[in-house]
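The structure is given below, and queries will be raised subsequently.
The chains carry the letters A, B, C and D, assigned in the order they are written, with residues numbered from 1 in each.
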Amino acid sequence: MSIRVQDAAFDMGAELNAFSQALADNGVKAGAIVSFCGVTRDVAEGDLDAMVIEHYPGMTEAALGDIRAQAMARFSLAGAMIVHRYGRLAAGEIIMMVATAAPHRADAFAGAEFLMDYLKSRAPFWKKEITTRGESWVDAKDTDEAALKRW
Amino acid sequence: MSIRVQDAAFDMGAELNAFSQALADNGVKAGAIVSFCGVTRDVAEGDLDAMVIEHYPGMTEAALGDIRAQAMARFSLAGAMIVHRYGRLAAGEIIMMVATAAPHRADAFAGAEFLMDYLKSRAPFWKKEITTRGESWVDAKDTDEAALKRW
Amino acid sequence: MELRYFAWLRERVGTGHEVVETEAATVSALVEELRARSEAHAFALSDLTSVRVAVDQQLVDFDASISEAREVAFFPPMTGG
Amino acid sequence: MELRYFAWLRERVGTGHEVVETEAATVSALVEELRARSEAHAFALSDLTSVRVAVDQQLVDFDASISEAREVAFFPPMTGG
């Protein structure tokens, strides 16, 4: 499946292999495969207990599908996938992953960066950090919104 | 191992997981992990039988180590690895892989692209394509040399 | 009309989902009605610079029409990835 | 001095490795000596725009000194990745 939104943990290596295998099984020739994985990381030194990710069921899948379709067309991708978790994640867990495949490496890289930039600011996910000092919603970064301007 | 040059096939998913696990085991905090995998692909429609990769033992490892060290410093990477095969590869096999980890995604992406750009034009590998019509050494692309200019 | 709230907007309003009767023609007009609905709503919707809105699961501006809308959602700027 | 040839340079010279006695001070001077060594060498080294050189496993220009060199390698532009 090209778009998945799930609470279950996933294995990024297995996802990467499955993505590549699915392309090969379909006879898709792509010389370049790029992946990005996001990992929950401590906000301050060692005090992140967990991260809770909320999303908007229905809109999330639609937004991710739209972002993926744009990337596929714009960078002539041979394939693209997005997996994003929601719910409660411990520090160090994989939050999400995108992978792209293209005949040339520049397109595979640009496609993955495009997916990430749009996913950050246009897919309805919200992160809350649970630390030893309390809970707080993560603020959107101006740099994330600015990152969209380059496309 | 951060730099590997080998004739044996490797599992890109397992490599990605091992790279991530090694960072975690060493207490390295990195929110972003990027990987690139290169796959042998048909030169014309369906006629690539195999690809033979020659390299310069000793210089190869030194060149890759130098490129990796430059990327680590320049993009403040938390980690970087390169695996490259040599010898005879069938169409569809994985030729090589790089992976980078950084606190921020822009650095992880830039680091992986830097590794690829330099590896293409500065690491002593040469590809020969074995097709149904004969053998030929792959010509270096002007675009690969030009890609270095952006850094 | 179905209303949805997410993240700190949900926490401030006190619910993630409610159904309202409204004649509001635009999101802005709906926001005005909601602010009058309760102090919690007024607090949640006090600063719209940090509020985003979707009508039928499409991101829109506050001047968007909601005359045909089935569902309107309010939430903070997104922080996925 | 140890000489190494890779890819089509190896094929044209007919060997990947040879040992030569030379007094050449630079790569360019060495190339001149090698061109006189055999037709195969002359053919392999005829167009230096498509030849790269490494002295002791470091990429260098053709005017680089080889007076201290242990190993000189000739090969085409690299095509890894």
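For this structure, a couple of remarks:
By definition in this document, a contact is a pair of C-beta atoms (placed from the backbone, for glycine too) under 8 Å apart; a residue touches a chain by one contact, two chains touch by 3 or more.
Everything quoted here is computed from the prediction, not taken from an experiment.
Listing every chain that touches chain B and chain D alike gives an empty result. Taking the mean of the C-alpha atoms as each chain's centre, chain A and chain D sit 48 Å apart. If you average the Cα atoms of chain A and of chain C, the two centres end up 26 Å apart. Separating the CA-averaged centres of chain A and chain B is a span of 22 Å. Note on chain placement: the centre of chain C and the centre of chain D lie 72 Å apart, centres being C-alpha means. Residue positions of chain A touching 2 or more other chains: 38, 105, 116. Looking at chain D, residues 81 sit in touch with two or more other chains. Here the touching chains pair up as A-B, A-C, B-D. Residue ranges on chain C touching chain A, taken from their complex, read 4, 6-8, 10, 54, 57, 59, 73, 75-81. On chain B, the positions that touch chain A within their shared complex are 11-17, 20, 24, 29-42, 92, 103, 105-106, 108-109, 112-113, 116, 147. Residues 38, 53-56, 58-59, 62-63, 84, 95-96, 116, 119-128, 137-140, 145 of chain A are the ones that touch chain C when the two sit in their complex.
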